[in-house]
């Protein structure tokens, strides 16, 4: 298992500086954000550490050399839009860009592209299903053709009013994952699993590490803390951010000993990337760097050195 | 506190037979269903033990005498439609019938009418609010004019796909109750509280008994059991009936000792009506009667005789 | 084991009416209050169902006949003053009256007299000890001479400001009981154990049922509920009633299944008397009678019929 | 579901008196012990309320009439030997008697015969398996031929030194049940499930009620309490009775609300027989009768009247 | 947040050596003890790392330079007497010395002085209140005049017999803090909060971090472990040290993840000083240094580097 | 307390390389395996880092110098056979080799020899006892004569079928330890305690640290995780490895904060050696080294530097 972080938190640094910081702290890899250049549409989105439009073999060689020099690998390319957005034209833009990310990953010999399934959040899962198959069958086939794997993060993308009621990503639970893998049984189609999303959904985040061990292509290390007093006021029908908050690993409700015990039992040997979305550590670059140092210290006691 | 039951479970009996059964088992009161005559639109709805259309003083006298003879009182009249249904004409039908229930309650000297706030379930709470005020300010005023109280049940009316995503009744949480009572501060506007809805919403169902003690006009005794194994498969974003089930009191997750302790501490002296929605006890009249006998036995140990 | 109640809750009834009510509800015994006639000094104290001053063989014969007629026995005579009150004259009054209660018990063939050790509440346990020995050695010897047992209740008598800081009865914990029985090893000196006092003291109330099984002469059935939200505001250094309340059995934090399991394991065959101090059931005689009916129903499911 | 009890606790009464007592307390059925006449070999074994040797149609008619008269049915015939005893001759005696019990059940129109699989307790489960198949395939076929069902109790029959290490009945866990039903898939082969045996084996006793719902032919209602302090001294490698004790329902660690919730969910409609093995209620007939009264009161609050 | 320690544990080192050790281990600050020179009156008291009597600008310049050189700041000056001691003359000595500590803090540009409110431990909180106001209103005003903040530690100073019953510091709970800040609403009057004191008081130590976030001027990092077996013997009416022990962070019952999560949520940016009172780490300087190294390692994983 | 590891995990390294690796990672000691040269009979057994047959003063001097050079001490010599094996000749071989290990420890000035009591696993504890005394009385006397201590590990040596039913080491619980020390009260006879074996035996692993503090000669740091879902399938009568797994410290169910709190309270100052038996960290030397690095990081936060 290799410890890394998601580059989105360092939006103000260039790729080289990101990898240098990783090396300095002791991280072995980084998930690199590949949004199209332009204005960010939501917090942590829109970060472009690698511009995949027009990305070519020459640029790829430079990035490969950078990894070699610093001893830090790129664990995956990340781009998290809503490819099932209700507006078909908008959705197509997302799908087209995912293809470009896949092509860049191929040039870079990076095995995994991380993204969302998406969802028309005003419609039920059933209602979204035909369009899911229509959109994703060709996309997964495209990834297969180019020797890449697609890892879908299990984030519900439902935190506040704008995403109410269904959230912008359907891949939220084992029940839906099973349906996904039934519809598209390709072995190139899997998960980028983040235990924090199961905390507030009140789900066991350890059992899936066993059941879906051959679908785990990438992992996120994030924690979440449920605020019981707030929950007693608003109940689980409220928007989730009304009663919980994303936190750094160790500051939330995840039992990391149990999490790593399961990963070591199943022999997971892929990347685990810290995703900093704890508002208490935003702001200055110093604060965000501190969050990466702290989490590195915290997680190493459970996972040891990279191997 | 007086122990009763909700008459809906005995749809195939006439009012007199319902009250006789109550007396026989040992119940002191009954909440009587007052749906308009016609076809039921959902389980337990559409039951008409008292036909309020054209209800007059003569009929009222008969019903009063029946109560006296049998020693069983009517704790409240119940009618649970969606007065904020998206179709304005449909909503108006519901509002008009609520008024008729209020008038019947006045004729019968019954203090409370139990119902739902309703909701356009495709819209957010905020989006529903203007219409809530528009609909309910005059309705509450109407109840006040006729000396009756409106008790809103806290049922989310969100159990399955048809009610997705918002459910058909907004009055689901203390946070929303506070907003309701801010908008319409009338002392005739209160709650018909059922702890089972808080079980799957993961909320403390004891604290509100204290905070809202002066708004508790009526109570339902129902239990609910969360199925942890199912929940681990689907998470709280699934439809609630995918991971929990309504159960008879004692067969679910409610701590009835704590529930009654709080009620006795605050001096609640109103009705508590068992609502049978446990599928295991449906079907034959014998089964449904058995459920009322069992629950009567179970609850009396915590609340003692009526007083 | 025989189920009874403490007569203090029925201060407004004569002894005969108390025993009749017991028989009617199904209780097999009653602990009868024997305060001297006069004004009560605190809630539930000062009740005189049996006036022991000048009590003679003739009166005793009448009381015995009453028990026989109604099939209800007197489980013990109860009088709970502070025999270690700082004012020596006041303390002497209490001691003298305890002796009269012992003599009455002898005349009535009642094996147990229930009372408190007492305490100068402004002094430490150590500082009270010499006077404890001085007062109690002769008192226990007196009981022995008259063939009676002394059962000390484990109530700290520390609930509010007037009893701050030490409470008016030292016999609050196993550690102190061991010291008591070391000082006065008489087999006529034992306990009237009430589990509710251990709830807010955060102590295991089941283990002592085993360790002190040969010291258990009488038991009280009372429950208590700790209010966690209040406790979080005031902490255990506050007066105990600021964060907990006495409740009827079943409405508090005692695990009655475990309690009775231990009693049946050790073969306890003495009385268990319900002590009603739940403020929610005070007031009218109807309310207080209801509390006795409810608790009788609740406890019989764990202890069955008297035997 | 019908509430009954296992007749073994009333060894000193004749069948008629047993059924009369059942009727008097309110039980709807009784599991009747059918050991061969002779000396009991262990506690509660060797009881003969129905002597099946030479049992004929005439005797059957009398027993049927007795049931009709008293309104109490016989839920099953019970005989719990070790049909896989190491001594082949001894085992054959047991097998032969089981056949006689089956024939008696046929004459009496009683659907179920309750027994044990047995085990050579000095051998592993694997080592016992060939003999299990050899013994039980013909026995189950015999039951099928006579229209009866075999219900195997899940008691490990490992409580003390004589049964060390393997116990005298292999049917202790879902894993082994699956193996049993794979070996002998007959629908006449099922379970007489008792949750108390899962308590000290630290197993979920609710999940099997769902998974094996079509194998549940009979149920025992017994409770068990683990003694944590003893367990800390001896660990689970000790003999089980060194750290736990069988108790009456409600005095142990079983969550009866959850137990009945599952049974009602799956629609279990067979018998549930209280098995009294709580040493605190042994001895006099009065004590044992009291245990049946108490448990009847306790369980009815969760299951209501028979239906 | 800056991690430091309380200098009292290094009574045998001079200030310079204390700061050097802090720098060497990685601590960013130290709370420096300022007791008057003389004999210590209780464990950890009486330590004088800075002698404030006659402290002048020249000495202050030296201490400032020392901080600069070593990169370690002084987080606050600490002096913890009982300014409400029953003997008025004794109390005046304490008050006078607190003023001198304030003046020294002013000269050193150190924002906070840490101390106790005090208490006449033989009197109730109410009885102490007039004297509290009389003593503290001028003291807080004095601090305001000199631009310093007073941070009151929440230690009950009730551990053993000499401090029985009330303890020597009233500022033990949120309820009393609210009363303090009502009496003296100055924004220069706040808290030096230590979660360990809430562990044995059974209070939520996380909620106050939110409610009193603007009153938190300084924090202590200490842990405490409740010994359940001892507690079962003596109950919470015993002296607290009879059933709990102060421990190093990580060896007690505090959930440090939750503690730091709340601090980061509210944006606490002040000092957090380890207070070593774990008897297992007393004795040799090597032992005490080891305790500081261990705790530094333990806490950094939850708080990261200073920032 | 000194942190070390058990050398068995590094079977492919020579003693010098083992000690060098210890020094490099930061361990202060190593428990060195002393099996006779030859083929290993079970996982982790048969490792020979020190060949004690024919071990002489010259070799001892070399090993001592090695320790000095590297700053790493040998905490104990380890050899874990079954000295009560049913085959008397086999058992004698084990006993003879234990004596040789004792002699080597004497030459090396190493105070402790770690081993097992052994057991005829097909016989009860009682049946083994005479032979235990016969074998161990002279062995302990031999150790005493040579100034060494015998530390018995509490491993049940019952994990799989071959060791069924009794396991190959009787020293599994406090109850049996008390019996051992009654039979052989020598102060040279004690324990090498490993908390992980108590996890799946469901025993309190903290209390024995206090009760047996003067018998603790050596400690193992291993963790274990019970798999609740597996346990629900097989129960505690299954072989233990069917429902639990040994894990690295921090990845199992041990509460290490409580463990170290007790050790520091009782002043334990001996060695604590990490025993790696987590299958997830077997295989390559890199993996096994990583496990030692990770565990060193994890445990230091609770125990600090060696002292």
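Each chain gets a letter, A, B, C, D, E and F, in the order it is written, and its residues are counted from 1.
Going forward, a residue touches a chain if its C-beta (ideal position, glycine included) is under 8 Å from a C-beta of that chain, and two chains touch if they have at least 3 such contacts.
Note that the coordinates shown come from a computational prediction; the quantities given were computed from them, not determined experimentally.
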item: Furthest chain, CA centroid comparison against chain F; value: B
item: Length of the line joining the C-alpha centres of chain B and chain F, rounded to whole Å; value: 64
item: Distance from the mean Cα position of chain B to that of chain A, given in whole angstrom; value: 44
item: Overlap residues in chain D, where contacts from two or more other chains coincide; value: 207, 301
item: Contact pairs between chains, per stated definition; value: A-B, A-E, A-F, B-C, B-D, C-D, C-E, D-F, E-F
item: Of chain D, residues touching chain C in the complex; value: 225, 229, 245, 247-248, 250-252, 278-281, 286-287, 290-291, 293-295, 297-298, 301
item: Chain E partner contacts - residues on chain C that touch it in the complex; value: 122, 124, 126, 156, 158, 161, 164-167, 172-175, 198, 200-204, 207, 231-238
item: Interfacial residue positions of chain B with respect to chain C in the complex; value: 207, 257-258, 260-261, 264-265, 267, 300-305, 307
